[in-house]
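Chain naming follows the written order as A, B, C, D and E, and within any one chain the residues start at number 1.
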């Protein structure tokens, strides 16, 4: 096939090795651990950047290792994968910084950072996997590496949440496993992009392929938190803020969404999927989840819970975009993968900052918080505008494309769903913004952290500002080459105009 | 058959452990242990050399006494036997090292169980003999060697529960052996030979053959604790000493499976029926679900692990229906057989490593806590992180998550299931995985949970933890040579000519 | 029927009679000691007759010697076991009256 | 009916009696006896085939197998007996208390 | 006529087997089991298997029967070793009778009945495989012995026999693992009882001679190591029962040597052949007869010692705690 390259493997190793080393360190070797962590994170961003540059020049990277007979471990770089890998690596760097600040002085940090690194390894592995089997391996690895993070606090509540999380994800993984093996047996080892294999089989194995599609979709829908398989997401909010941020913005939920994208576009192929009417049920469930998540979010007083239900809703934009056939909606779906990540991570950072600095975790406590933490809340507000879909923030771009795509495909009801969702987004996010900026604080709040001149610790503040700005920039500079939108367009172009 | 290259290795693989076991009897307590450990290492190393020899020269044989079958007995070391012997060697070496340290640590209070060593070496000889044997009656003798030494090891602790469980185990084992032997008698009566290779050529289908197949299969299922004969396993395995539990579940039950696989593939190809396969598969399926569920309901670690063995052995039974296609069905792929039986072999290996590690970890925990009630596992991660890690890794392999050995086994099993068109087994495999995940993560959840009250964790030798961890890692590392291993297994015409009748059944549909 | 065979038959019939008598004794006598008495004495005698009958029938001195030895050993064995069983019973009766056996 | 056939049929009966005994009998000793009866059935089957296949002498292979088998069975039974007695001495139990 | 005898014998064996399982009293079970063994031995003789008959009578019926009888000391109500669990006793003495056995086990009975029918059909329809008589006959001259069964046991299938010697040794080890069974027995019985002493003194040489005869005779006719071993083992048992005997005065290493010499010599000899380029147990044809005789003798010694030790371990005297460490 293509020239074998160690580079994709290096991208994985850049977080795997630090993670392993951190595991072997002692708890009190803080500077070394921090150094390793940051080294890995920076290296990963650098490597992804390098590969990206190379890919742009037209080079191809793949790493293939035969596990057993026809079972192949394959890492391959393509645009979609790189896109997701870039998102993961950049957000990992930011989140690592945040986590160092957030967990300062906490317990079991060795374990935390080790698994944190593993988690990102899994996430980039998912991004770069070249075939279904490799994808599945990392998909399960992700489940395992996030479990210790969810139960990190060790409280009974956390452990209970961990259990729910596991039942859902292991269950989903098992169902996916069934589908993956079934696909393997029916169609052989499918590399992503080889849609012609399914195309060739469609006349003889139509029923099997349909069943397998839905089996795999069910498995992926668990992590993508599509109704009714979303139950684990709000519960696992007990995890520390960086974990929630990573889980809900990048690693876990995106793994599911990304998997759906891969399944539809690179395994079955959008044409076949459409032809076999596989996408309508997905569209319906996604649309319902969008509305359902928003409605549930309305009634949450817990800050992180509200964010979690918002995630449930927002994630289904991606699934919905995938389910609507057309260049524009595909662009919207792919770009939302990134946009939603940046915006949601901003929100979780902000929530974490507030909780860490003032100990507030309920929305009703947030009166006037904007005056005390202007930068944090500023970034949060940007993200809110994005979520609602106000220009020029990133979220607007994705919604715009999704809407256009729906119109293009003639699915006007989707436009209605999008509008309703936007309205609901506004309904549950704007009150927070309003409280934060325009309400008088109820009582005299004493910061739990002494942070000098800044509103909170620098390590907590910088990430939120950076991601806030990023989500603004992604919208403002959407038209510039190299922006998420431009890349998403290229991906969509390749799909529709071969 | 007899034109294959001969090698002295098979003779030594059986003789050496017996020699060392016998010699160790001349020593007193500590000396027995020294000789025993040295003997284990020696046997293990030699087994690995033998494995190497087979990879180099292919199947080798040893014609005992120079008398060729059918009058004499032939030892045959083909890739399948070599893989089982190699597995026994690796797992055996680590369990021996563990046992040495484990018994040393309690020498003052218990006397250090010196009898463990000769019995274990006898057991090892029996296992090697079983894997090498190519003779129906000789298989019976090796089964008995294994049975007696295994029960003797199981009751070594001298506790009441162990004795009762041991007696039940022994009676069941004798019953199984006798049922097997009855089948052997009928086979001998109708063919006049006991050699597996010859039988594969001359055995004719008929009432007698079918009945022999029935009693042999039942007898072996009793010995490998297949449902509904699983009742003896959990008490026997859970009440034994930790290294013994590891040996029993990792190696001993696999012996019966090995014979069953050999006989079905090599000898009874002519009289297998679809219904027989489905029945044994059903037993396996029930074992998977029931065993996992029972494991989930237990409150002591060793009982969880022991019930888990019932379930994991169920997977082994589930490969048998895949060998026989439904009447009129032709397989999609010409080679639908090899995923099925290699899945069985892989499951055996993966389970051996993972389960041995699990039981060794349980032993460490008992040593540290004085008991193994799982509510005391709280904050295990804080106290004994190596053991916790070993449990986690072994558990993940048991569940079958990638990229563990258990995953490879399940992958191939599911592949076999789909290739043979018997999709209805797939949900069982997955439900079993989920239930396994249930009890494994129940343990891990507790391991991560904060301690409610101060549990007194006594210090435990680090080397014990390392042994458990190495075996757990082994259950992952076996994925790396998977490709070579499977090719190796399929290289040596493992099942002689007998397998042809099974292949024909697949091609024409069975009647 | 030759004289040989006639003697054999007579000896066997006599032997069987004693066996029958012994068995009847075992079944009908009231206690262990008298049962033992019936069993050992009558049965050994019966066996002796049967052995003699066989010896006559085979009519070879070596075989006769062997048969004689068989009878002799049986005699020894049964008288020893008779003795032991009787002693056992006696001891047991004593323990029943006196101290409890451990 | 040939001699060997009588014993062959008997062997099946003894085997089944033995199996039944192993599962149904309660007392340890009876269970052990049942295994020996099972074995007796199996050995009878072997030896009856030996008689059937006799030429100048009966087939010696089954005879040898049976001798081996008897010794093995006795070793197992002796071990089982030791276990049973030990259990009795430790607990006073003469049967599996939770026996079905 | 012959069918009648065989038929009666078969029915007797079946009856005894059933009764030994169903008899209400344990002691009756054991005695019926004895009788069952003897009936089987007769059946072996009828089938022309004299070797098997001797083995059956000596080991399965004789030795095992002695072990069972000895076990009755424990279980028999006459000698309560401990306060009995009343329910367990109830189980044995009352519940375990024919009626409840039949009533409570109808499903089992039906299943077994069906199984029996299939089994009967299977054995009835067994095709004639021909056996290995011809092969054994052809190779008998090369085996070094004249008796075919001995040839199979110690030459053609010597490996099985070697493993079997190992099984006996292992059985002994297993009983060690369980721990000795201590029973009440008057110390030094033989010294106090002139009758016993005379019997032991008479039987010891006779048994020894007879064993040696069987051993040597095994070369040409029925007999051999196992049969001889049981007779020699009987000497050991007699000496053990006789009270403080010479067994304990043998030094430990020698006792171990006696126990293991059979299997060790057999194996080391085999290894020597392997080293010489032959297969395991492949005797040089010229010395086969001699080597087999030596192996049989040593094996008989070891097996006899093992049988003695098995019995001695199940019958340790209570008064003298030092004896539990007899062989360890």
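One rule holds in what follows: a contact is a pair of C-beta atoms (placed from the backbone, for glycine too) under 8 Å apart; a residue touches a chain by one contact, two chains touch by 3 or more.
Keep in mind it's a predicted model, so treat the numbers as computed, not measured.
Touching chain B and chain D together: E.
Relative to chain A, the chain whose mean Cα position lies farthest away is C. Two chain pairs, D-E and A-B, are compared here, and D-E has more C-beta pairs in contact (counted per touch definition above).
Measuring from the averaged C-alpha position of chain B to that of chain C gives a distance of 55 Å. Centre-to-centre separation of chain B and chain E, using mean CA positions: 31 Å. One simple way to say how far apart two chains are is to compare their mean CA positions; for chain C and chain E this gives 26 Å. One simple way to say how far apart two chains are is to compare their mean CA positions; for chain C and chain D this gives 30 Å.
Residues of chain B in contact with at least two other chains: 71, 137, 141, 144, 148, 151-152, 155, 163, 186, 188-189, 192. Residue positions 81, 119, 122-123, 126, 128-132, 136, 156-157, 160, 164, 167, 170-171, 174, 178-179 of chain E are each in touch with at least two other chains. Across the assembly, chain D contributes 11, 15, 18-19, 45, 49, 52-53, 61-62, 65, 68, 72-73, 75-77, 79, 83-84, 86, 91, 93 as residues in contact with two or more other chains. Every pair of chains that touch is listed here: A-B, B-D, B-E, C-E, D-E.
Within the complex, the chain E residues that touch chain B are 118-119, 121-123, 125-132, 135-136, 139, 155-160, 163-164, 166-167, 169-171, 173-174, 176-179, 253, 256-257, 259-260, 263-264, 267-268, 270-271, 274, 278-283, 328.
Chain A meets chain B in the complex at residues 66-69, 71, 73, 111, 136-137, 140-141, 143-144, 147-148, 151, 154-156, 159, 162-163, 166-167, 170-171, 173-175, 177-178, 181-182, 184-186. By the touch criterion given at the top, residues 73, 76, 80, 83-84, 92, 101-102 of chain C touch chain E in their complex.
Across the complex, chain D meets chain B through its residues 11, 15, 18-19, 22, 28, 31-32, 35, 38-39, 41-42, 45-46, 49, 52-53, 61-62, 65, 68-69, 72-73, 75-77, 79-80, 83-84, 86-87, 90-91, 93, 96.
On the chain E side of its complex with chain C, the touching residues are 78-81, 184, 195-196, 199, 202-203, 206, 318.
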